């Protein structure tokens, strides 16, 4: 897959009841519908167990939330990379703050995704780790100071230089890597501020998942860009 | 779900190419067909990502290979217990030697499964840990000396007192807990020996998965009981 | 080492500045002195790096906070069991809520300690896991509901049946196993309540470590028994 | 501490019986003596539990094998960074293949070491991860293809472009970062080949630890440079 049209909105479904099972499918449809209405690229990142159903019933791009760096063999409890590919994913989040990976594993899975021309989105926690991640040439680096995740305080406001600094230094390493802004983003103002700082999209979760109407929240999110 | 009719054959699909994606579905159908022909209970334990498809297209009992002890919330990269339930699983393997769990998590997920009347199968590595697991009143304790897994050397031959000792001491703790025999089982003789030692079934993997005809291998497996 | 004279006070030094390096040695001396004055057994559980110095300069019993289940070989970053033995430890805490272990590893290290006649203290989080731990015949099971650790709310008050239930059921499994009461214990009243519920001692940390005078806090702790 | 004089020999003691407890002290003395005789910088990386004794009784530079990215507080089973500093370490290995760390933790501990002017040596598994590590400006990047560790097959022979490629690309990121060559190095010829490829030293373990005379083995190691 070639890169998605910027700006992108990636919704990490995490493991909320509101984004699991049947609700995951509903949420994916809300993303699809908000994307059609707004013309903005929107991407679902559901739990592994929910991927097949969403790929079957929607046309939205789907990322896995994580992929273990395992090869075919005896790895009970993991999902094989080849199984993800066969399920039709468009790529994967990697190294989310709730599922940190070793450097060796981040590099290995980023390479596996690249070899299949799939999207890789490496999550990082500050400028330093964003730069390190950029050397691996992922599609995206999503910078999220962990202390802001789930707070509703947007990183673009609390710590704008984390975003602009990541953009500057990531582009200096590899201009093909796009920086996404995560952590605390939920409103149209937050997203506009992120874009202004040089981000080419956002990675977000509970602010949309727990909204009364996720679709309306998504439309609001992209209303100022 | 009430207990499955003994003896049971549980096939851990692990992460082999032969048991992933479309191949997982084929394998589940082989199990279903071998079960119908032999009258012996056979159970599939596929990767989480393959569960939905197998539940949709077969009628075979399905266990997850593992369940994380997480509650609804922010646990990127996990699958929620409630998602598994919604997917229609009949239960789960827990604490496989390739995915060991903490004692606290084994206890928590065994309880979650019990509350939903689902099957729990705690894998253990020796008599001592089988006894400890039995105090948690799972449906099954599957004893597998890790050094024998994938060797083709059946525990029933290499170390029969691990099986008989587990049966005796597990039953002394809770007579409703059934002991399964894992590690190295692949032939009809192996399974017959396991049953003779008091096991109420077997947990197996590569010996069947990598057989030229998994269905024939399954029929051979249950041919001597 | 034969069991310690009940009741015992085990102080988990954790990784506070007040209980690290030179401060660890001071704290061990406070324990030694409070033990001499009160006649109550008191035990230090310092960081691995601080064990040698404390064994050299005090006569107090010392437990490690954790031991990895590794054999001699290539395990960079671990400390070998044999290194702990050589350092003169009297035993170890295992499976603390801040360092949970797999069931297989708890069983393996408990056995290694028993073979060297050293003390094993398995931490657990509720009655069910206390019972499972008791089947491994450790010296102590220290029950600590994790939600109370560091709160100052004693488990003996918040959830007394966790203590009394653990005592009853642990003794039913193996009457030689002693139950300790952890989580939130800091005053003489807390400890007296724990003993009343059948505990044969306490495991505690920040309440003493962060006291203005740890020695006075320890003397207060044992003043009502 | 300013950088050590190149070339350096770092001996990872791991958890062998030959490099634990009293044997660790003997081995450190062999390093000290071989260093004095040869004039080559030699560094010990013992288990945490053995650090104090080695610092007390030798004058050799000492690295920890690993440091957890924890702050003062409740982290039972870890050693605090401040405890390591107080023990007198000169720095630490990080991210060894037997103790991989998350990218966030590698970055955090590298920064902690830098702030104390201590040596950081980040272990990596290939050119890509060496480059990523170099962006964090550690003192050393030690490249070790994991499949060669402990084999006696030197990376300088089996896969020389991993070493030369790491040197070229690491220097392009930050010319102050030195590349060390690990995995399979044990003879004078191996070390000379590594230096020829641009490495500024070696990281090694079992080849020396298990030698009949570690001191002689060390002298042989540096005999061709």
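The letters A, B, C and D name the chains in turn, as written, and every chain counts its residues from 1.
The rule is simple: a contact is a pair of C-beta atoms (placed from the backbone, for glycine too) under 8 Å apart; a residue touches a chain by one contact, two chains touch by 3 or more.
Note that the structure is predicted; figures quoted are calculated from it, not measured.
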For this session: State which chains count as neighbours of chain A and simultaneously of chain B.
Result: none
Exercise. Centre to centre, by mean C-alpha position, how many angstrom separate chain B and chain D?
Worked result: 43
Exercise. So, what's the distance in Å between the C-alpha centres of chain D and chain C?
Worked result: 34
Seminar exercise, completed: chain D residues touching 2+ other chains are 97
Exercise. Taking chains as nodes and touches as edges, what kind of graph is this: line, ring, star, complete or other?
Worked result: ring
Problem set entry | Pairwise chain contacts, counting only pairs that touch as defined | A-B, A-D, B-C, C-D
Problem set entry | Touching residues on chain A, where the partner in the complex is chain B | 12, 14-17, 20-22, 24, 47-53, 65-66, 70, 72-80, 82-84, 86-87, 93, 96-99, 149-150, 205-206
For this session: Mind listing the chain C positions that touch chain B in their complex?
Result: 95, 97, 100-107, 111, 124-126, 128-129, 131-133, 135-136, 173
